[in-house]
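Next come two complexes, and both contain chain A; in the first it sits with chain B, in the second with chain C.
For the complex of A and B:
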């Protein structure tokens, strides 16, 4: 059998990925996570001395803390298997990537194990997050300087 | 390459040890021992993995009423880097040791080499088999255990199990290894590590076809032809390949897969079980016992292995696969 022929056969037999179903699940679970995040935002604004500009940090910290608890109790993998991108894209997914790597490498010690591997998965998010933020800021600066937009 | 064993080495004892989740396996009642703690009360998963291998070997020597000094060779393999669980188990067992890597096909390749050593007269008793521990293997090949990534329906679950057999001179009361096929490495260009069944099916097809052709046999000559860990999707692909090559549907019923059946219909395990311990656990418990009771007279066990590493996959290499087969009979 030729490689092409086999690829066709394999594709026919393999069940197709249910993209629509996956997207709907991701939409609703992701939406629920973000709604919880928003509730926490209001909580900090109403009960503490935060404004809309400063409430971001405590909200993100709280969400990551919750995500870490779920990860530690082995529940985040189950959520991830159901929701896919819905639980991977919000900041809770970032927290999960960090803490799961830390748990995984605990047996190799605190420094080389946890320290060396904690950003194994999240490292690329940080790198490309910071890099893209830099370039977006640069574009903004140029556009503002030459007067195309006002900020 | 097909080998015919004139002296028909026999499988004199068998042992399977499995992890706590493997209680969900449909083959659970055939296992010798199941441990409540995935780490076998050790500090690390890798130590637990090693302990599991030692325990299986201890059960074997106990069953055969021999001690480690009577065993000439220990042939074992697993999926951890440099096979440390097998190496460390061999350190404790103090038996002449050859580590083997055929990925998940090690369960069969170890029996082939043990049978050759026995036929050669170099070995009175040899322990052969393979093992895998879910946590130790998943972290090696995929993401951290607690990482919430979504796996597709074609993904498989690495089983925690160790399956070992004692290979010795022919004894008509035990199942015998009459022939074997050492598989070629087959690569149809598959690159998806979450669809191992699809990558491995052509290797199984190649080996089974070669074995039947050289032995001048048909599907019906067997009570069962069982592949290792193709999973539900991989098995379907293999059945389709055989159907296209002219095998009738009723003959295809004889073709089964250890990984596809391992966890039954439980959807949490997606396409089924995988890992070096998966085929070893099924072959060296259920199959051997069915042969002993005479329910099966002749079986072909074809374990499949994906010969990739996380590095080769990240570098964009396709997944080369192999399959080794043994033909067991019961007089």
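For the complex of A and C:
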């Protein structure tokens, strides 16, 4: 069978990808996750001394903690299969990436397995976050020193 | 199933469209009617907010407003504009205008408070909280 023929056959047999359906699922599940995040934001604002400026940190921590728990119980995988990017793009996907790598490699031992692989996926995210925050604050420091902007 | 979802979701979605009335509340220990009218005039004239609460206590004036949902990005500008207006009108007061939800929530809780000392302490605390950035 020629390569071209195989390609044609493969295209005939493969079912079409439901792009619209996938996008809608991702939209709604991602939206629900963000709504839960917003509810947590209001919870911290109303019951604790957080303003809209400061409430981001505890909200993100709580969302990551919840997704870590769900990953541990095996529920986040099911959500990921259903919603795709809708569950991976919000910050909860970060918690899932950390814990799922740790669970996957736990048979290799605590140090070399869990310790060595826990940041396999999420490590690059943390690195990029820290490095870009460093450079942006450096740029702002220079601009403030020159007198272009204020803190 | 689809009908049930439709039945529950449409009223929920449409509920967001109702209630265009601006709610403006003023707390003033001295109950000065003139001040109330002036505050109402300033807040009423601003098209970018849907609700506002002003609290007069001693030399402090705390104005907590809520920007219209699609105008959240303009919060800084709204605060600046209102601060200028209030500082001009009430130059004898130490004015703080904020579009933060925390300050709005706490200011609304203070409206029913009768102990002016408590209100004063709370306003001071809120002013410090507004400065907090960490």
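Observations, loosely collected:
FYI, the second predicted complex is superposed on the first by the 124 of 151 C-alpha atoms of A that agree within 3 Å, B and C clash if a C-alpha of one lies under 4 Å from a C-alpha of the other, contacts with A are read in each partner's own complex, and residues count from 1 in each chain.
As a convention for this text, a residue touches a chain if its C-beta (ideal position, glycine included) is under 8 Å from a C-beta of that chain, and two chains touch if they have at least 3 such contacts.
Since this is a predicted model, take the numbers as computed values, not measurements.
In the superposition on chain A, no contact is made by A:65 with either chain B or chain C. Of the two partner chains placed by the overlay, only chain B lies in contact with A:10; chain C stays clear of it.
In the superposition on chain A, contact of A:49 is made with chain C only, not with chain B. Using the contact criterion defined above for the overlaid structures, shared-chain residue A:28 touches neither chain B nor chain C, since it reaches no partner.
In the superposed model, A:134 lies in contact with neither chain B nor chain C.
Residues 100-103, 105, 129-130, 132-134 of chain C are the ones touching chain A in the complex. Against chain C, the residues of chain A that register as touching in their complex are 42, 45-46, 49-55. For chain B in complex with chain A, the residues that touch the partner chain are 43-46, 139, 143-154, 188-190, 195, 198, 201-202, 233, 236-237, 240-241, 244. Of all residues in chain A, only 1, 3, 6-7, 9-10, 12-15, 17, 22, 71-72, 74, 76-81, 83-85, 87-88, 93, 96-97, 99-101, 103-104, 107, 120-121 touch chain B in the complex they form.
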